[in-house]
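Order of writing sets the chain letters: A, B and C. Residues in each chain are counted from 1.
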Amino acid sequence: MVEIKNLHKSFGKVNVLQGIDLAIDEPGIIAILGPNGSGKTTLIKSILGMVIPQKGDILIDGKHILGEWNYRNEISYMPQIANFPQNLRVQELINMIKNLRAETTLDQALIQQFGLEPFLDKKLGNLSGGTRQKVNIVLTFMFDSPLIILDEPTTGLDPVALIYLKELIRREKERGKTILVTTHIMNLVEEIADKVVFLLDGNIYFNGTVAALEEQTGQSDLERAIAEILRNK
Amino acid sequence: MLKILKYSFFDLMRSRWSYIYFFFYLILGYVLFFLNNDVSKAVITLLNIIIVLTPLIGTIFGVMYYYSSREFTELLLSQPLKRSTIFIGQYLGVALSLSLSLVIGLGIPFVAYGVMRSGAIWDFTSLLVTGSFLTFIFVALAYNIALSFNDKIKGFGFAILMWLFMAVVYDGIIMLLMMKYQDYPLDKFALGAMMFNPIDLSRVLILLKLDISALLGYTGAVFQQFFGTSMGMVISMAVLSLWVLIPVWRIRRVAGKKDF
Amino acid sequence: MNRTIFILLFPLLVNSLLAKEIVVCTTCEVTNIQEAINRANAHDAIIIKAGTYLENNITIDKPLVIKGEQGAIVDGQSKDGIFLVAADSVTISGLTINNVGRSHTKDNAGIKTLNVRHFLFENNTFNNPFFAFHIQKSKRGVIRDNIIHGNAIDEFDSGNGIHMWHCSNIEVLDNKVDHMRDGIYFEFVKHSKVEGNESRFNIRYGLHFMFSNNDEYTHNLFENNGAGVAVMFSKYIFMKNNTFRLNWGSASYGLLLKEIYDAEIKHNTFEKNTIGISADGSTRVNVEENDFINNGWAIKFLGACYSNKFLRNNFVSNSFGIAYKGTLNSNIFDKNFWSEYVGYDLNHDGTGDVPFRPVKLFSYVVNKTPETIVLLRSLFVDIINFSEKVSPIFTPDALKDEHPSMKRIAW
């Protein structure tokens, strides 16, 4: 599905990615973990073509993606901070993305589920952070893409919405999707992730299941396992 | 690209600032035409305003729009769209909405005043054309600057400095240079210097209409040819177009390489 | 009473009754104009029928009326002059006079006079004359309603439309002159009048005065000439209701004043000239109630100008109002309308409450470095002009209009 070969990226003097090799072959939920500045977002943005690597290659379904744009039809991306044009209304934004991408009817159910109907005619600039994040979720899950990338998806969500989100992620997994998630909420990872990719200083420190990571570090839960890794660094 | 253009365009057209800009020109036009009743004087006042203001507004709007829509741009970047499509679309949206504010804002009072009974229609039209050119040029320059500076404050500051340089400082330097070297033949230098500043270039285009009698007072053969024939008009228009095309080409290039 | 008049006029009447008509045509008894003149007695009329007459140096040595009918063409075939008037009271009218010979030594003309009086030349058309009229040492004549088309290319190789030398009491009325060297030329001409003429596309001047005093020119149009009108070394010239337009080019102007004393310039329109009035040595000239519109410079002083008055003129949309070289002496600007005046009128008496300074700093800069004109109307120029206005350093503090009019002056 996704194949990353010897990926290098630096911003000025800071080497953010130092030769990442990663292959995601089977569907499921992969959590990308790591401390702040470990290169999680850069890795995701490289896959999306938003960051252009200095060296290395990325293939999706066996096709080189550098400089391409059509492959993004196969990806749904949920960015970390949901800032949208202030003057646009919610419905207009949804229509616009549909217009740019493809027609879909999946948005109706999502809007209902997250209780966004009263906000459809509101301007995005007037929405709270949590509501904007819900809009963000709708925009992401309204397309039926084989690859879903979620960057800190839980930011600002209330507990009910969080439950809905987790359900959504599970449902998509059951439908055979590949889902990449970055998060700092370890409970979420333990709860949903099939695999964990742990980034440290621009390298992949660990790639495997949660259980394997706990075993490797000799800790009983993920949080402690991560702390252990960082302590021994 | 048309879709992006459309969204940026309507996004801006609905913003308060577009209305303010539009009404500013509308009121200015009415005041000039109806209080003054002297079209040629109105055209000269408009020239002074357009030459200074359209580049300034183009610069500010260009930079502001880029920075304020940065996250939205990222959202678009994750969609199946070409990068040049996104940036050129946005650029055209901004430039077009500003030009429309100018053309319609000034056009309404002018039409109301009576296009037909005024001999100044060509002066006025060329004012609007150069105003639109300046808008397209300075929004493009502002986009270039904004693309080169991730820091909003730096980008904004630099853009304003660029405007200040083009609008005032450049002419000051040119004048001092010409006065210092007044013993040398300067006509080629003088015309050449105008080509490297779009504000000067548009001003020269208007001067061709308003002040041709003074311009022809100078003896230099190059001046005579430039101002006395249609050559001045043709060259100025061509170079103005280059002033649009080169920055737009650079937007494409820089946007294609940039990380978001 | 009637009887007395009749008796008094009787000799004249008899004279005209006795006058005979000689008809010239290609099939007539007389086919040649010179021959007709030779046959004629004084005060006879010679009627020239349609046809082309190839003649040169036709000498008119007695008072005659020579009248061309429609289509009567005298062609000089570009050799020598055509008519030479050597007698008083000659009338030439209705002729088309073509192709006078060019010469560098002789002033060949369509109609030339020497030492005559009471002539009338009217309704003639000249094509390609070297000079059309060459009037020397003559008095009390009228030249009116003639049309003169030249094809002058170089100054040294061309002549003037209506050329006068040492004349007095001549009236030049309603003629149209184009493409000559000077449209109308006066040298040592006194008490004469130029009215209602149109002078266009002449390579040097539309009208040219040299050493001519007590003349007036009114209601003329000078358009697209090398320069409009040059008045040089003359006194008591009265210039009224003329239009000076589109006289463009380096050092071109609507009106040049050079060594002029006691002239009056009133109710003229100067429009779209490179320089409206260029004054190089003029004293006691009153410039009153004229319009200066869209000129490069409304008025340019080149030095030695004393005690001139500029009153109640309209200065509208000129690139530069006033420019000067050297020092500005006791010249007065008062009660003019300046379109770029931005002062206020708190007591609403129609006069601005702050003086207007028509000389801008930029005008001073352009005088020193002409190429800087490309910076005209730039923000930088506005800024330096403004700072100079606030505290004048380079421009003369004395040159100002103390009572600028708030409204355009109607005259």
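Methods note: contacts are C-beta pairs under 8 Å (C-beta built on N, C-alpha and C of every residue); 3 or more make two chains touch, one makes a residue touch a chain.
The shown structure was predicted, so the numbers you read here are calculated from the model rather than taken from an experiment.
Q: Going by CA means, which chain is nearest the middle of everything shown?
A: Checking distances from each chain centre to the full centroid gives B.
Q: Please indicate which chain is farthest from chain C, where distance is taken between mean Cα coordinates of the chains.
A: Of all the other chains, the one whose centre lies farthest from chain C is A.
Q: What whole-number Å value describes the gap between the mean CA coordinates of chain A and chain B?
A: Each chain reduced to its C-alpha mean, chain A and chain B end up 42 Å apart.
Q: Based only on mean CA positions, could you tell me how far chain A sits from chain C in angstrom?
A: Those two chain centres are 88 Å apart.
Q: Can you list the chain B residues in contact with two or more other chains?
A: none
Q: Given the complex with chain B, which residues does chain A contribute to the contact?
A: Contact set of chain A toward chain B: 9, 11, 45, 48-52, 69-73, 75, 77, 79, 81-88, 96-97, 99-101, 139.
Q: Sort out for me which residues of chain B touch chain C in the complex.
A: Touching chain C from chain B are residues 38, 40-41, 44, 47-48, 51-52, 167-169, 171-172, 174-175, 178-179, 182, 186-187, 189-191, 193-194, 199-200, 203-204, 206-207, 210-220, 223-224.
Q: Applying the document's contact rule, which stretches of chain C touch chain B when the two form their complex?
A: Residues of chain C touching chain B: 248-252, 272-275, 294-297, 316-317, 319-320, 339, 365, 368-383.
Q: Show which residues of chain B lie in contact with chain A when the two form their complex.
A: Against chain A, chain B makes touches at 3-4, 7, 11, 14-15, 68-72, 74-83, 257-260.
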